[in-house]
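You will see two complexes here that share chain A, one where it goes with chain B and one where it goes with chain C.
Showing the complex of A and B:
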């Protein structure tokens, strides 16, 4: 009876292609609307493609809101977060993997416990603290909450643990300081883990809306998703063509990165399943 | 237990230099705030207020008895209950299909994989505005297509009875590719000789083979995907904030959105902390299960 339910390979493939088309539909629709003249967007009837390409939507998107500013903010915030995450996590991971000290297991325990905490949980006290010291509505407000990445520490520690102790010992005998060993021996060796973590981190923070929505009210500091909401909530937001143009511009960097480096990208993102 | 002498001062300083920043960061940015939010959840503290009073469990009582609080909890559970199974079943079917396609056309399989994973790479807030276009009551593609078939259009995002399901569809769309990649990894790890052995034992190809060989061996992967998907679904926020703000009439309110609204729009820090704690307990339970699952995955090898 089971074999009767077997779907022919052709039918299965047809469903797969149909599903893929549905999954890609929003991307296609976004591109299509972003180059459609306004009159056609609001015209009744279904036109998958615009009759002519309306580049003015893109010009409008950049003119109505400081879209270039949102992108720049996204780059500054993502780069800032990533650089601090690595500067802080790598030495700690190295020490946890290759040094013996009393608090080692306590600190590793903190790392594991930290993995259980979604960052939403810390938002209210961190906001209160930042308000207290007048840090809201600044770049640091967008960067600081994420600089101690327990996920990064955990990941790098697992990676460093596979570096043979002999290599580290040899470097010590050669007279390298521990700091030099961290950055000149361990860090370059951990490149696969670092690059995967970098993708994970940049994707998470480029796309994040929750924290920028809380920490920022100045549109000039908005990250791309926050900026999209500023745009949408303005009067210009009912101008669908430019809104879709803005959405395309904001989505493009990561989608292009994904298409260019698929293996690495998928690896970096699926790793996050480990994270709480 | 032997008493250890403290290490040389130089060594201690080196250790402090290496692990100090990370430890301070974790304490100040993670564990301190977790403690603070737990404490705040028993107070009536309002952002900007001079003082506060201890009110015991009142915030929690309100959350679980007040119709609006209940809605957030129930909506979140409904959302998870839809997105989790639907995105898993679809992802498994897609993974099985792509895996099979890969055996005769690796390029096509790669293209399909890329297509299904695209939503994971897309910026969700931007893509949510596209869904808003697709679901637009007048000029949206969905209602226009429905119009062709004579079915009346729906108010996808402003009908109380539909809005949560519309958000769930977007959630499924966003999650299938992610789960597909995890299932594909699981499928690739199944050794070919087990299929050969099953064939010798008279197991027919197709669903028969799926239930006797693939499904049991995929068990650890499935458990892992289940927990990861649920944990992601519990965090639903971007689509709610972009498309509905929890409305209409709290019909699409969820825990994380309620936390945001109560805490940062209405400034009720105490109550928002209680919402946070309830969310945290849900996710914590799941994550602990996940660690158990990971442990099992290790033992299977």
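Showing the complex of A and C:
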């Protein structure tokens, strides 16, 4: 019996380590390539570690394409999307959770149905519409299609449903308007859901390649993944060292942000009942 | 200056096919302590929410100080409410909780912005006045030391005080309290009961109190409105309701001890066992009559007219509750004083009671009858006085 207690966790740990290694291998390979000298990259055989660290790959990455510009674009687009998503989703989900109106359940049903539609489906109509009004190749083109997030509305609605109705009533008695209740009472209490949603949103749109590929052709507006494509298309060609260095730079902010906010993230997911 | 007179005129509330309130009419005098008492689901909380303006009535009028408040939002009616769950804002300190209604009432949008109390002279003056007011209220309720805590760091009683402070701070015309004590433990509930009564006397405001606890209603109120199934079945002083309950249900609902109800045929003035020593003072047309006797009005007496045998004794310290089997195999409960000899199961026992304390109800409708139960022979001459 005693041995079972010892072996059980050991086996679990071994499996977890194996799984983690499997998942992390591409990232590790990326990191490794980004600091390898060019000659070693194409050497036959697989060397996990470079013989010496080649920092010039990073210098080259920043020099050959405006990587800093891509990063800035990523920040502008992700922040723009997130801010508008919250401004729209929070009042909507408050209304769905705490206001009585005729078509409430129909609208909530539509929100749930909206969760099932991948945004690629609407990409072409949106593209054509933007082309018509001359919005392509602008920041708004990258931001506007995503500002009404059904996922955000759903997540916040589930969270607000747990806020007791008595607190909302107390706020009404205390003289808060419905708008004031949304921003002064409901929103500050929803920070776990907000931070979870923020991570989902930023990760999705930072990494998104599909829409920027369609909506943007100006390199100055490229988001990081789109920018890396420019990188490969142009002079660097098959220069994998700087390419991997650029990929590392693009991935790093998300990894760092996740590690910093990991606890809140998990808390937000569990509190809004979005486990598994 | 508004005074807090509230009047409900034939108020209905329907949710689809179900009727939650079935024509409520009630006058609540200025400065009174009125309790809506009733079992859960009787519509008392709905009534309170309609007075507060949190819910619209389907028909009827709500008048506050003679003015129809239909269409006025909760805050515009200037009533304050204390909720069962206290409903403090969890992300704010107690100070911010108490301050919020003041800021919402007295400051405009710009003045309420953060840091404006540093930048804007008008906001600074208001904020200073509010700070003083919050401190005053906090000291009134003895929560000055808790002002910088969050609600999650407070005990139930402290949360209750903070919620009352928040209601009190903006000087409303009426306080609406929705079962405010039911989340507290028994000892604290008794203490808060007293404090609320003190508060009512000190502020002189109208209090409308909702509870299902008849002891709370009896001990605190000037006026009780007993509600059942969406209607007010009786309203009056606690004493009137206790002494002259309008129906059998009300009689059974109020009082610390469960009411004894004995059903007897009523076709003649003579009564069967165990009431053979009594008679109705008038001839009744009902088929059956239910005699309601409170356990506490039965006085043990050697020459008592109601005879029985003790089946069980529950000793409670200050009193003992005896379960007594009367002649005719009717079982009743009686409250016995414990300062005299304590009865034992099997003992013979006889009771007397003041015939004013025997309530008679119609056997089928449960409505109170004007007839009285009077001792039969020796006292007949005096007991059959004029009956209204």
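Criterion: the second predicted complex is superposed on the first by the 228 of 276 C-alpha atoms of A that agree within 3 Å, B and C clash if a C-alpha of one lies under 4 Å from a C-alpha of the other, contacts with A are read in each partner's own complex, and residues count from 1 in each chain.
We take it that contacts are C-beta pairs under 8 Å (C-beta built on N, C-alpha and C of every residue); 3 or more make two chains touch, one makes a residue touch a chain.
On a predicted model such as this, the values are computed, not experimentally measured, just so you know.
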First (chain B), second (chain C), both or neither touched by A:33: first
Which superposed partner A:167 touches (first chain B, second chain C, both, neither): second
Which superposed partner A:189 touches (first chain B, second chain C, both, neither): second
Which superposed partner A:46 touches (first chain B, second chain C, both, neither): first
Chain B versus chain C as contact partner of A:175, first or second or both or neither: second
Touched partner set for A:154, first chain B, second chain C, both or neither: neither
Chain B versus chain C, judged by how many residues of chain A each one touches: B
Shared chain A contacts, counted only where both chain B and chain C touch the same residue: none
For the chain A and chain B complex, residues of the former touching the latter: 2-3, 5-6, 9, 12-13, 15-17, 19-20, 23-27, 29-30, 33, 41-42, 44-46, 87-89, 91-92, 94-96, 99, 101-103, 107, 110-111, 113-118, 120-129, 131, 144-145, 147-148, 150, 153, 178-179, 182, 203, 206-207, 209-210, 213-214, 224-225, 228-229, 232, 240, 243-244, 246-248, 250-251, 254-255, 257-259, 262, 265-266, 269-270, 273-274, 276
Of chain B, residues touching chain A in the complex: 4, 6-7, 11-12, 14-15, 17-19, 21-23, 25-34, 36-37, 40, 47, 90, 94, 97-98, 100-101, 112, 114-127, 129-131, 133-134, 139, 141, 144-145, 148, 173, 176-178, 181-182, 185, 204-208, 211, 224, 228, 231, 235, 237-238, 241-242, 256, 259-260, 263-264, 269, 272-273, 276, 279-280, 283-284, 287-288, 294
Contact set on chain C toward chain A in their complex: 49, 52, 54, 73-75, 79-81, 83-85, 87-91, 100-101, 104-105, 166
In the complex with chain C, residue positions of chain A that touch it: 164, 166-167, 169-176, 180, 185, 188-189
